[in-house]
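Both of the next two complexes hold chain A, though its partner changes from chain B to chain C.
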Partner chain A sequence: MAKRVAIVSVGMDKFKGRKIETAEEMIYKVAKNALNRAKLPPEAIEAVVYGCAVDAFTATTAAEKVTIGGSNARLKPTMRSCTSGSTAISSPILAYYHVASGLHNMVMSVGFEKMSECRPHAQHVFNTVYDEFFVRPIGLNVPIQCGLEARRFLHRYGHTEHQMAKVSVKNHGNALDNPYAQRGKKVTIDDVMSSPYISWPVKIMDTSPTTDGARAVIFASEDMVYEITDDPVWVKGVGHCGDSVWFMGRNNSDLGRLDYAYKAAQEAYHMAGIEDPSKEIDVAEVYDPFTFKEMQHVEALGLCPEGGAGRMIDEGISLREGKLPVNPSGGLIGEGNPIGAGMSRLCWAWLQIKGQAGDCQVPKEVNTAVCNGWGGMYQYNAVMVIGRD
Partner chain B sequence: MEKQVEQINLKGSININYEWTAGIAGSRFFHELKDHKRIMGTKCPKCNRVMVPPRIFCEECFIDATEWVEVSSQGELVTFGDSYLGTDGSMLEKPWILGIIKLDGADGGLVHFIGEAEPKDLNLGMKMEAVFKDEREGNILDIKYFRPLK
Partner chain C sequence: MTRRVAIVGIGQTKVGYNVDGLNRKELTYMATKQALDDAGIGRDDIDSAITAQLDLYEGASLSQQYTLDSVGGVMKACDQRVGEDGIYAIFAGYLEAAAHPGMIVVVSSVEKSSDRERGSDPAIVLSSLDTLYVRQVCSSVPGLAGLEPCLAAMEARRYMHCYGITESQMASVAVKNYNNALRNPLAQNGQDTSLNEVMDSEMLSWPLRSMMMANPGDGACTLVLASEEVVKDITDKPVWIRGIGWCSDVNYPAVSEMGKAKFINIAARHAYSMAGIKHPSREIDLAEVYDNHSFNELMYCEALGLCGEGEGGKFMEEGKSQYGGSLPVNLSGGLLGHGNPLGTAGLIRVAQATLQLRGDAGDYQVPGAEVAVAQGCQWPYRSGGVAVLSSW
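Moving on, here comes the complex of A and B:
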């Protein structure tokens, strides 16, 4: 029987387009921040789980080795999870498994990425993630793949560029109140609509920036969590899955519907005993590297009906003061998108439940939150539901 | 403390060269493309799906897919992307276009360049055809691009 597992702390630090810190230094700061927040000594952590998405960003292959010192993991069990961008949540899920198994009482999960170092641009690294025989010679890259999928998504459900722009306005604006954000700013729908296309319907201001940053989360077993806190926030459900790397081999080959994300969400909600997420989830921090990704994910996560993402933003449901706030922190678009440290979505979900989200705190009671991560060649999803009893 | 430190940037690069095998299915596919201008797929004996690009197994049934079938060089435009961002991250004045073409007689298809068309000429679901190179080398660029069916 799996142990119940609580999250007892998160480690935060500023996201920036270019940080002076090395990966090890970034990790030290968030690991220390997480320990300090829970008033824990470093030796309380029994094992550490790492996540970063793409080794080539970190000036070395096998990037996980630089994480050991910064997270006080010398001579401790360490393990890395890598599912591309969904590492942001699959890595914390792996840390959860460590504790749920009963083998460890307290485990830290660390996510990081240093995207600023590749010249002339991080896109050079992204260009190397594609299949070398059928796809890379054609020059497929992340921006154009966005266009391929977003066009199909809009075609399938009738969503509009205007609705995408509203998501951008919301997330950039929310990040103004996030002290760790790279890119909080007040923007208008016109600003977004008039920004240059990277691939129709996706414009520059529909996208998240490249970012340097790290995050940490500490998981504790039910056996000792009350020694740390009287108000544990439990991991209630986890789900993750990947679909075929071949576009036309996907479960849904039309690419407009993310079957893999629906499945990951169903697993997590089933485990959490949640039947209607649109009523039972109080706040969501979803993976939004592009505006249309937030729209796809709120549908897949059941926060609105399938095809209802446009209405959700039109009616203000997903605003911070709305009925079901989505990315009140600013999400990846406003806070920044250091891929493995997209784990920040989980950190902010926890901060909201604890009432520690500062000026990003939603004006309502928060007991249950959901977050997700997405990645690969648009093929992975990882979902975590956390909350009080 | 950090504020007193002036950042030092160290320049470097990692250069790695490769020579990849195209695999069992890929080698056959590229031979057929080069020698006969044929687009070939493999068929699952259980669910009958025809996979292009070909694979030696069916991912769903998880059994060998050993039968090779020729599929059409024409198909349907599933989606397309017109990109204003170059592969080096620079902004382009004129977009280039990629599409996913589901080939007739196949359950799969290819990601490829779209040629002889501008974005305004393209609609999802329209018929497309492959244009082959005259001198072929045994790789995916032996197809120059797909264009709207003439």
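Moving on, here comes the complex of A and C:
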């Protein structure tokens, strides 16, 4: 069988709209933070896995190769996973495989993104992910595609823009207690509802900001994890799945239902031996670049019944003090959305289990947490379940 | 003991400039279809699909996702990556297959250099350099036209200086590889050439001449990997991945240790220790090495331990690496002869070594080959990987 893998440390640093540090410097800070937290020397790391989304953000071919000094990866094996937004979880999954396959004992996964260098805006880069003959000329980009998807999602399940706004209020509010957050603030439902549409029904306050930032996570094999900690947090399940890149040729029976996300979650839960996620998961950090994405993902991850995301926020189940807190850290909307460093979702899930989440800590015992990443050409999902035995 | 993983299917397109007018999705489809047919499996049998490409060379962000449909990765557990040479797809595939019993993973890479505007490559090479220091210096090369030869020539000069390698030794690598490519039906640049012809070709940046540099080409390559539980059901001629290793060094020309491929040496040592190989020069039957510039073949042969440090030139002159020699290198023609689809060439090296071990290499078959080493690189970065393959 594959080796068991534990997460022994995470590296955090503040997210900002524009950081003056280079990518290398940002990575140095989080790598050091992660090593210090676990009291490990830099030499302990055998291999490094990078996650950063799109080379065009910094106009660098293989952007991670110019940053290897920052994570002390010189003359070590380095590899990079890149699936756009879902890089957030697909690069830790790749790091997990480094250890699970028995090839390495201790591996650091580093996610980073420097989006502020794009002119006029990072969103312009996202048009270049599409097929150059048929789709790119239409001018499709993230907000437009998400508008289409959101519209269909609301229609199919009868959710409302008002419920979307509540998610925004929750996540902006949660981020107030997150010391690394870019955009924690107190907002009201009216503020969100009256903010301008960027692509109906998605409003500007339903979206996450562009962000510079980095995160690090250290994975260790079962053979050596007890040398570091007596209370290991295991990677219990991983799952990933991608649909066709043809926007008009998806296997998705319906634009509003993320079949691929359901499948990725199913795979991860199967591996983790979880039958009823809504009861067995204690806290969730889901990928929420837009408010409706959090709603789609909590349904796909089985945290509520399909079509139940509206009720979940209405009844306060997903609030920090609720029965099943979702994004108590503020999520991407509150904390910031540096694509590759969306790995922050995994970091916060770990901090919650360890009880080190500070003011963001949920007021209950946490043993199992789930996090996910969504991206690619809006058709890829990666899910990771972590927890104690 | 980790689970063993084997290569059970190979698919490669011809390498050339604008192959049959196919786009990169079609090229990938062709290679994948061929690989699946070779393994005798269908699209539904694939558990996971992995692709590796380089964004800026493809002119598309997330270029690896482009081909997701072509490799049969739709609604499968898949994990794609970019920014790495194709050979990294093998490593990632190995990791997945070694962790799961009975898994079939398709790994693929494609490059379509003919889509790029002619003369745009140097700008992409420039984009591979450190933003703050190196890029500023290199952007002063007039018109960027000579950027690649300039960067490569610095290393070649250092290599010659350290070990007394001569220009004619470097040229004879090119002669060997162009001639080898004549026997390879998929090759782009097979030609019957002589030492004088290479030595008389245009000087780009001393000591590099035009015939010592590999031309960009189009091409796709797909391999099917399987973990040991299912290998027997698929094929009688599996080629086992016995060892893998990869490594990155920082890429600041001012501080890099030029003339020595330390990163390949570290990767090779890791791969050899996995494979239990103690004397690579004796135990390995053939090698496929990344020779985007002819001197690189010699430098990497040293790093791979196929000859002693500084003995690359002697190794070449003694004819050991020739067709029929004791340790033939790049019988497929290498990047110089076979063609250089950037970012796919490393995976093609593995495919070619696999063909040899299966005894399917046709005119350039090494009789009784059992152990081979294949190496890929990501120029101008100082990073690359090594795979050790065997037929048992």
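Miscellaneous remarks
FYI, the second predicted complex is superposed on the first by the 387 of 389 C-alpha atoms of A that agree within 3 Å, B and C clash if a C-alpha of one lies under 4 Å from a C-alpha of the other, contacts with A are read in each partner's own complex, and residues count from 1 in each chain.
One rule holds for everything that comes next: contacts are C-beta pairs under 8 Å (C-beta built on N, C-alpha and C of every residue); 3 or more make two chains touch, one makes a residue touch a chain.
Note that the structure is a prediction, hence the values are computed from the model and not measured.
Partners chain B and chain C, once the complexes are superposed on chain A, both fit on it without clashing. With both structures placed on the common chain, the touch criterion links A:Ala73 to chain C but leaves chain B unconnected. In the superposition on chain A, A:Trp246 makes contact with both chain B and chain C. When the shared chain is aligned, chain B comes close enough to touch A:Tyr197, but chain C does not. Of the two partner chains placed by superposition, only chain C is touched by A:Ser84; chain B is not. After overlaying the two complexes on the shared chain, residue contacts for A:Tyr260 are found with chain C alone; chain B is out of touch. In the superposition on chain A, A:Gly139 contacts chain B only, with no contact to chain C.
Draw one line from the C-alpha centre of chain A to that of chain B and another to that of chain C; the angle between them is 70°, to the nearest 10.
Residue contacts after overlaying the shared chain place A:Ile274 against neither chain B nor chain C. Touching more residues of chain A than its counterpart among chain B and chain C is C. Touch criterion met: A:Ala59 reaches chain B and chain C at once. For the pair chain B and chain C, the model built by superposing on chain A gives 5 Å as the shortest CA-CA distance.
Shared contact residues on chain A (touching chain B in one structure, chain C in the other): 56, 59, 132, 244, 246, 249.
Interface of chain C with chain A (complex): residues 1-3, 54-57, 59-62, 64-66, 68-69, 73-84, 88, 91-92, 94-96, 98-101, 124, 127-132, 244-251, 262-263, 266-267, 270, 378, 381, 383. Against chain C, the residues of chain A that register as touching in their complex are 1-3, 22, 53-56, 58-66, 68-69, 73-84, 90, 93-94, 97-98, 100-103, 125-126, 128-129, 131-132, 239-246, 249, 251, 259-260, 263-264, 267, 376-377, 380, 382. Residues of chain B that touch chain A in their complex: 2, 5, 7, 12, 14, 18, 20, 22-23, 26, 30, 51-53, 55, 59, 78-85, 87-89, 91, 95-96, 98-100, 102, 107-113, 119, 124, 139-141. Residue ranges of chain A in contact with chain B, taken from their complex: 20-21, 56, 59, 120-124, 127, 132-135, 137-141, 143-149, 151-152, 155, 196-200, 244, 246-249, 253-255.
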